[in-house]
């Protein structure tokens, strides 16, 4: 019985995403979608994927990560680098982007493992601060990374582009703080939605798999899980690297949506990691569908507030606080409970999941 | 079980969606949503007898100071032009959108302006977002003039031009100026390695330095996350015996460098680019610290010509601040657009694409006298031809060097 | 000689981190929350002093006192509005509202004061200490900051050990539920912690702006994060840990800038943090704390 219900619950989530896609496509096809909104469709996919993938770490694995943007950064740069190198060789944009996506996922997963091995030994807020530190290190290094290509192959430097010693025909691909310029515009809404569906599929299935249950057992009681023979490090690392890989995919989607890619504090710094965390917490920790909705709403919200000009971000911050108070405080819960008595159970479950 | 929350959120999302479609319409001149969007898609026909000029730049976030300067500088030019009868007899409508110095947000801002039926774009202010937006303006064939996007790819397409110098121009010109005037034999550079503008200038400067009679004895960097303490960088420059420090950075950090060098008792010559302009306008800044600072800048707020005096006083009355070079670039940008549009004979009923085709040709023919240069003209790659002015700060004012 | 200079630069920077970290660690120890708005309270403290003393000509001492009062009230208001309703919720929920508060303060300051930087006139009138024939200079700000750090550390430790309110804090930090059963007013204790933490933020703001005299709406955020790192470094919740962590962080930052690479200073600082945490998972002084607040 339970399995059936769970599946139904998941179907609603998939249905919601597909429904959104169909609705948007119809609106776009009939010319009823503003340029602003059609421009926002890919970013919405990027941030929902990020939110869902972080939820795997925060909600399912139960560890607070403040470095998720670092994985996004790794994915973005590795895939954009590949696309820049292969721009002239692979002309079919679909094939090129497909390979780029796989590369981004693999590289991000690799970073997830490298970072995960030391980090996952720590607990709680110490783990959070170390992930934050890794995110900042990644951003810092990408900012001073220079990679160029000429007939001799690749040249790498962490000083400046002159020290690459490129030949006449050489081209600087990653130019330090100036980043990568001219990434082909391979992302689109359809690809974004497909990637979101894949992400959902991976995460939801993982949750329901043997490994996923092991991970949740570790989250709920590490010692008990260990005592029944669950290999803690292995499962933790598994969840963490899957989460990183998915963030890398989101990064690739992000990079191929804009023609310029820089590692700024704004897009790959701890601010972004925190923003993704906001989506997860606001949507409900462990609640995948909530993450999607929260990410979508908070991506659209600042754009809708443009009419307020200078007061835009001020209002945004107030809305953020208010939403959080409404969503998590006992008073806000009371109001919600009035709407639905079944909410009570969910709230209880939520608090348990968090611990 | 979490259905209710989800439903609730879904409703909100639905509502925001509707707002998203409607929002664009409420801010325009009052056509209904349907025609608004279809006309935007077709990229044709503005609504009234006005030109719609959009602007994009950061007005919140760490780079807000530059975006605000551009926003205000352009506003002054537009008010002047409107009061004097507009362009080809048509008034200008002006709308400025925030991009938070982020490429993705800049594209959102651009799309917002497109929904508003923007015909020309003045922006964006900062380089990285500018590159992202130039991709879009090229796609839609909308004329783009950036007041201050210095990196080379900002103007890579034929529809994009800039008012300021590009990074390579500034880096090379600075190295040549220092070399030709024998200002130093051993110099140090302090630059922001996380900033496109700063690292771009430094790179070209270092490349050109190889051909010049001086030696770079210390090249020290800082990052956006690490810009309060410069004593270590200064100490290294001092220990290396540098008698001149090249600062291809913005004045905000430069004020700190100057005051920390002063505390250390280190007194080299400081040499900067256009980013240093504005340093004398910083509230509560001790101008004595900036004594002897040299900079290559196209604009100086203390210049005594009528145009500058008029602009500075208007800016001061309106916004209570002394304008910096960004504001001046933006002011010029609007007048450059005006000159090009008049040359091309644009009318407000032309589509953005038609205006773009006409204006990009006209840009190559016009010559504009502005605050940031006399007789500015443009080449097809979007670069401006104008003479950089070297100024030195003496007794708290800019004095032109020979 | 230059090594000593780099070291002193590092200590100056580190002492500022330390004083911010004291407030951070205090709030964390009691309320178990990462108060991301702490850095922005520092910025508010800076602006209050700037407005009063530079713009209105109030004497610096009065201005500093007023700013302490303003920040204390601000801290308590923030706690009351944004954190208290979430006391029973997860600590993550509070983290999010803290970020909301941080955005709010930044954008409010942006609207009130504009985005351009303001140069802050140092309120420290102590003369710099010059040794070894002027080759080494220790600025007055550094001396004052270090002394202030010491005083605050001693006062806080005494306060926690000797007073009833301090004991209550200790109890709440150990076990909220048990403390409540023992008759400790948990809400009042947490409020008091925020009041003290924010008052310390005002002092930190003044000293930060005196040492590095530029002020804009985002002044507090990066030092805030660095100080947070410093607090973790020293063992979060531990008062002497915050001091040591802050100064070490400053020294490492300065030395790596001078001897390794100025571009990679951040990466190096964070790497050292990671290594320290891997060896001592609760920070330098995290284990031995009996004075954990």
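Each chain gets a letter, A, B and C, in the order it is written, and its residues are counted from 1.
Note that a residue touches a chain if its C-beta (ideal position, glycine included) is under 8 Å from a C-beta of that chain, and two chains touch if they have at least 3 such contacts.
From a predicted model like this one, the values you see are computed outputs, not experimental measurements.
A.B. asks: Think of each chain as a node with edges to the chains it touches; is that a line, ring, star, complete or other?
C.D. replies: Drawn as a graph, the chains make a fully connected set, so complete.
A.B. asks: Given the contact rule stated at the top, which pair of chains has the most C-beta pairs in contact?
C.D. replies: By contact count, the leading interface is A-B.
A.B. asks: Per the centroid of Cα atoms for each chain, what is the distance between chain A and chain B, given in Å?
C.D. replies: 32
A.B. asks: Express in whole angstrom the distance between the two chain centres, defined as the mean CA positions of chain B and chain C.
C.D. replies: 35
A.B. asks: So which stretches of chain B touch two or more other chains?
C.D. replies: Only 59-62, 193, 221, 223, 225 qualify.
A.B. asks: Would you please write down the residue numbers of chain A that are in contact with two or more other chains?
C.D. replies: 136, 140, 143-144, 310, 313, 327
A.B. asks: Please output the residue numbers of chain C that touch at least 2 other chains, ranges allowed.
C.D. replies: Within chain C, residues 107, 110, 261, 263, 266 contact more than one other chain.
A.B. asks: Going by the contact rule at the top, pick out the chain A residues touching chain C in the complex.
C.D. replies: Those in contact with chain C are residues 58, 64, 118, 121-123, 125-126, 128-130, 132-134, 136-137, 140-141, 143-144, 158, 270, 274, 277-278, 281-282, 285, 310-311, 313-314, 316-318, 320-321, 324-325, 327-332, 351, 354.
A.B. asks: What residues on chain B touch chain C, complex-wise?
C.D. replies: The touching residues are 59-62, 64-65, 67-68, 193, 220-223, 225-229, 231-233, 235-236, 239, 252, 255-256, 259-260, 263-265, 281-286, 321.
A.B. asks: What part of chain C is in contact with chain B in the complex they form?
C.D. replies: 2, 5-6, 9-10, 12-13, 50, 54, 107, 110, 114-121, 128, 134, 137, 139, 208, 212-214, 216-218, 222-223, 253-254, 257-258, 261-263, 265-266
A.B. asks: How about chain A: which of its residues touch chain B in the complex?
C.D. replies: Contact set of chain A toward chain B: 12, 16, 27, 31-40, 43, 136, 140, 143-144, 160-162, 176-179, 181-182, 185, 254, 257-267, 269, 283-284, 287, 289-290, 293-294, 296-297, 300-301, 303-304, 306-307, 309-310, 312-313, 327, 336, 339-340, 342-343, 345-346, 349.
A.B. asks: Within the complex, which stretch of chain B touches chain A?
C.D. replies: So the residues of chain B touching chain A come out as 1-6, 8-10, 12-13, 16-17, 19-21, 23-24, 26-27, 33-34, 37-38, 40-41, 59-62, 97-98, 100-104, 107-112, 114-115, 127-129, 131-132, 134-135, 151, 153, 192-196, 198-200, 202-203, 206-207, 221, 223-225.
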